[in-house]
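Next come two complexes, and both contain chain A; in the first it sits with chain B, in the second with chain C.
Coming up: the complex of A and B.
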């Protein structure tokens, strides 16, 4: 193998798959997909340093799950090439996260106690670690695969933990050096605007952010109350962004109150990003709305958050079901009022984060679902009550939610003195002359690139989507930053970017068998009395223990967590996490298919109890157990670490069995004898070997069988029919001894199943790719069972090894050598002899209709200068489809001409 | 109808790569096959033109069976895509000519499906036996040649 790897004329394309084959013998075009290895083969020295800090461990495929390997690994010690590879797959959490934060990475780092590194890793994607860790609506948790075990991970709370433990002591960042001369203006300091600023400044651009309000942070600062997001957390994260070199101009509205206009920005800056949010509250449009005591949630929360004095009454009704409504209600409660939320749909339709709704209810807020105000009543200019009407849910509207319709004569009255309206917000676009708005009153921008129709102007966040959520705003800001960079560098806005990530539902994750359930941790909360009367933070965060335990529940769906620890250790600088898959186009004359076999999976035959005891092994597992590099260093031990006293070996598991495969797998008898010999020699244990027939088919094999008989192995002729796991862990094997003609059983410490070989599960796809046939057993079909064992029906394609049928190593080597010889013989000739069954055009009959051109599967026919069909004999395979299509019998497949076939038909009928 | 000793004669067009191989496998496996099947090997089921089918019927066959590779498995990639369009058209044409369309059948047999080959041929022979001999008044006079 080593020699093949080093040979100058052999190029190994490892970690690759053939995806397309075109052409014909001597002229194949093969397209190969090279999976990203994330390691530069030319640089990797194979030293193995990188493995040390990798936090992810999974079962080793090579050791058939008996040992663990890291996410960065060398498939096995003698692997060719000897370089490492990173096993990286999509994970539901990172795919679902709108900002695509490497969730599993920071969870793995937290699990190892590397909190600084976890924080630094999240900060590579976003500066809002403590903020998102508190207010994110965490769609990732809905998709976390751990939900299939018991409950999703507390991903959001873990992010918060990383911030809480590591941020206070993390050194402040140094300003980023300017790389590019261009400057970008950003309007709005919400999560969208500041995320774009964060990414752009780190790329090396000059960034100025304009903010109308006296504080930065957008709705994070003036919408979300302090009991959910303490002011110092947000401020610290904004300071972090500023420290990198972002300039923030507060109290500077764009396009109004004397501030610069959009035109000014377009002139003075090289690009503009509009992230103005959605702050204009929608009106109720009911009588009495102008009474004093009617407030809007955005104004109410802004005033509260800015520390201004706010006056509300004793009995407050909040109208709406979004986050702003819940926040307004919980804030009013904290100011000492009695609060009722009135929402026109049911609880399930509420757009607010469900946990927030629960918290509001716990704190004593009343809910009126399926109700809406019809008028606000007043006396002497003072509010006295609000009249509502009950609603029921009708047909779904364009948002997919069922539209509420009023129930006639169901009015009722609530006695209130304050009404806080929170039924939605729109962006205030009036000051931004020149931009385009949608029918919804939001800004028009491409949802992928964030480009607006105005040259050099981009937009994102709530201003484009309408009120959404912080993480979507972060994601929009990041996308806009990348687009602005491309725009300024004259690059295509789309090329090579991934806008659609795999859907969580399409991501296959194998949940390890026998995984132990572990309850999801929840954060402790402030005592209720304090919650109701102060604006202190309600959720208290994880303790270190809780965080570590929670992190340990992660299933490592993506395997590689992208924590970047390996990159830091690799001295050769060979690791590149951004590698993408590549396609290589090869021109080859011949193809040898050597795709191998699949080991029979004994769980398909439940009578053997495979998987129910760790001491029931497949032949392959036993091979690994006895290997010096294996889990026990080559010693034969039970899972309990004891030397077995009695061992049973069962032949033909999954072979010669109508319930599995009918074929004989050929190699199992001999490997089972080898196993028996090893067990006798190394442990002296009693060995019972259950066999149907002993097939010692090769040179020296019968002699070996005799020797094993002399070893004292007890041979029982008859199929092992059942393995039962006894309560004490012992294994009871039953069989029928066909020599004695009666059932027998043996109680043993270890069972080795002689699992057979079968065609690989992807054999069908491979067969189609290379134009191969398959025999009834599923293996690839050779051209002739006796005379042409390595050729296939597709000329120039040969078979080598077990993809064609079960065989042992010497036979595989022989078969492969034969395939090589056949391929060489073909190539050294340099010409191919094709079969004479090709089509031929009788020019005088050809009308040039072109039907044959369309019919030919090989494009072997074309119309020549005279408008007549012409066959390229090298391409024609002689299928004759053209002849059947030709309306004037002008094209004849030689040896299968019409006359010849008709003669045959007439002949057989005589 | 089968009581009168009528033995239908069936021309079976077998593509070289799948169905002919399937027939071969059936023979090697010593499966019982109806002797009524008269095989004609073609390279691909796509080679079987309307003319071939009609010629067989006019020359005395009581039924015609066209067997090819399963869709997707055609040795020539798409040869059988043509067959799949052609045969239903031919069956309609046969209806016009006053021939029961069920005397023509298209099916797929892979090289490994010996049992399937035996089953299809046996079934088809029985179906044609039930239809009785094909009587074409003009059989002798008609000639497509």
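Coming up: the complex of A and C.
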């Protein structure tokens, strides 16, 4: 293997798969998909340092599940090439997260107690760690695969934990060095604006962010109440962004009140990002709306958050069902009012985070579902009540939710003195002269690149989408930053970017069998009395134990968590987590298929109890157990770590059996004898070997059998019929000793199943790819069972080894050498001799119907530029199927034309 | 014990036995692995193991097979059939042996054959099983005195509702109208006629 790996004329495409084969003998075009290895083969020295800090462990394929390996690993010690590989699969959480934060990575690091590393990892994607850890609507948790075990992980709370525990002691960041001369202006300091600023400043651009309000943070600062997001958490995160070199200009609105205009920004800066948010509240449009006492949630929450005095009455009605409505209601409650939420749909349709709705209810807020105000009543210029009408849900509207319709004459009155309207917000675009708006009153921008129709101007966040969630704004800011970078560098805005990540439902994750259930942890909450009267934070965060226990529930769906620990350890700088799959096109003359076999899975024969005791092993597993590099360092031990006193070996498991495979796997008798010999030699245990016929074919094999008999192995001529796992863990094997004619049993500590060879599960795909036939046993068909055991029916394609049928090592080597010789014989000649019996098209009769193209089993016929059939003589086997299929007799097999056949018949009859 | 040499070529070997018992060729492909024996819950009580029976059938040792106890002890659990690596319908073969033994009037293990007989007779008469009558018929045909020994057990089963009495009594008046035989009688007679044909 080493020699093959080093040979200058052998190019090894490891971690690759053939995806397409075209052409014919001497002229094959093969397309190979190279899976991303995430490790540069030219740099990796195979030192193994990277493995040390990898937090992910999965079953080792090479040790057939007897030991674990890391996500970064070398498949086995002697692997060629000796470089490492990273096992990385899509994960539902990261794929679902709009900002694609490496969720599994920071969870793995939290699980290992590396909280500062977890924080640093999240900060590579977003600066809003503590903020998103509190206010995110966490769509990731809805898709977390752990939900199929009992409940999804508390991902959001874990992110908050990483921030709370590590941020206070983390060193302040140093300003980032300017790499590029260009400056970018950003309008709005909300999550979209600051996320773009954070990414751009780290790329090395000059960034200035304009803010109309006296505080930075956008809706995070003035929309979300302090009991959900304490002011100091947000401020620290904004300070972190500023410390990197981002300039923030507060109290500087754009296009009004004397601030610069968009035109000014476009002139003074090289690019502009508009992230103005959606701060203008929608009107109710009902009579009485202008009465004092009617407030809008945006104004109410902004005033509260800015510390201004807010006057509301004793009985407050909040209209709406979004997060802003819940925030306004819970804030009003904290000011001492009695609060009722009026929402026109039912609870299930509320866009607010369900946990927030629950918290509001717990705190004593009343709900009026399926109702909407029709009039606000007043007396002497003061509000007295609100008249509502009941609604019912009709047909779904364009948003997919059922449209509420008023129920006639169902009006009722709520006695209230304050109404807080929270039925939606829009961006205020009036001051931004020159931009384009949609019919919804939002900014026009490409949803992928965030580019607006105006040159050099990008837009994102609520201003584009309408009111959405913080994490969507973060995602938009990140996309805009990448686009602005590409714009400023003159690169294509789209090329090579992934805008659509795999849907969580399409990501296959196997949940390990026998996984133990572990309840999802919930954060402790502030006592109710304090919740109702103060703006102190309600959720108290995880303790260290809670966080570690919660992190331990992660299923590691992606295997590699992208925690980047290996990158830090690799001195050769060989690791690149951003590698993508590549395609390689090869021109080859011949092909040798050597795809091997599959080990029979004995769970298909339940009588052998495989999987019900760790001491029932397949031949392959026992083989690993006896290897010096294996899980026990080569000692033969039971799962309990003891030397077995008695061992049973059962032949023909999955072979010579109509209930599994009919064929004899040929190698098992000999490997079973070897196992028996090893057990006798290394442990001295009694060995009971159950066989039907001993197939010791060929040179030296019978002699070995004789030696193993003399070793003292007790051979029982009878099929090992069943294995029962006794309560004390002992294994009872039953059979008939057919020489004695008596039923027998053996009680042992370990059972080795002589599992057979079968065709690989993907043999069908491989067969189609290379145009191979398959025999009834599933293996690839050779051209002739006796005379052409290496060739296939597709010329130029040869078989080597167990993909053609069960065989042992010496026979495989011989077969492979034969395949190499056959391939060389063809190539050294450089020409192919074909039979003259090929099909011929009589062009003047051919109508170009294409029936022959479909009928040809060798893909030898195609339609040419004139729309006539054309035969590739190198592929044609002269089978005549096309001649039978042709409706106009326009294609004939040479030497077997109708005239020739008739002449022959006439000759016979004479 | 002496071992008599079995002459495989002797004319006494019934060369059609295999054909009659197992008309499809599957049984010929038996590899004598003993899976049937090791899967059989009754093998411990048999005089020949099931595997040995197949061998004897293959070689046409008809009288030895038909006089053996083995096939009478089969409880038709089908474990051997399910596991047989050659896919031989072994339980059906056992059924064929039972039918042939009864047809040939081999009475050596009449406990079993009489039990089947008692069951079929009661079904023939009433179209269903009268448990008490079936047991009475069985004991009368084998060992009437044994009934006395089983009386306490029978009473206990009666009081616990594990066996019922009176199915036959309920049916009796209708049987009088049919001349003493049940409606299934015609069916049984027809089957007997068919089986009697060579």
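One rule holds in what follows: the second predicted complex is superposed on the first by the 829 of 910 C-alpha atoms of A that agree within 3 Å, B and C clash if a C-alpha of one lies under 4 Å from a C-alpha of the other, contacts with A are read in each partner's own complex, and residues count from 1 in each chain.
Just so it is clear, a contact is a pair of C-beta atoms (placed from the backbone, for glycine too) under 8 Å apart; a residue touches a chain by one contact, two chains touch by 3 or more.
A quick note: this is a predicted structure, and the numbers were derived from the prediction, not measured.
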Thinking of the overlay built on chain A, is A:445 touched by chain B (first), by chain C (second), by both, or by neither?
neither
Could you look at A:658 and tell me whether it touches chain B, chain C, both or neither (first, second, both, neither)?
second
Most chain A residues touched (candidates chain B, chain C):
B
Just to be sure I read the superposition right, which of the two partners does A:718 touch: chain B = first, chain C = second, or both, or neither?
second
With both complexes superposed on chain A, which partner does A:742 reach: first (chain B), second (chain C), both or neither?
second
Where on chain A do the contacts with chain B and the contacts with chain C coincide?
none
Complex contact set, residues of chain A against chain C
607, 652, 656-659, 692-693, 718-719, 721-722, 734-738, 741-744
Write out the stretch or stretches of chain C touching chain A in their complex.
31-40, 43-44, 48-49, 51-52, 82-87
Under the stated contact criterion, what part of chain A meets chain B in this complex?
768, 771, 773-776, 781, 793-794, 837, 855, 857-858, 877-881, 883-885, 893, 896, 898, 901-902, 904-906, 908-909
Along chain B, where are the residues that touch chain A in the complex?
9, 11, 17-18, 21, 25, 38-40, 42-44, 46-52, 55-56, 59-61, 72-79, 82, 86, 110-114, 145
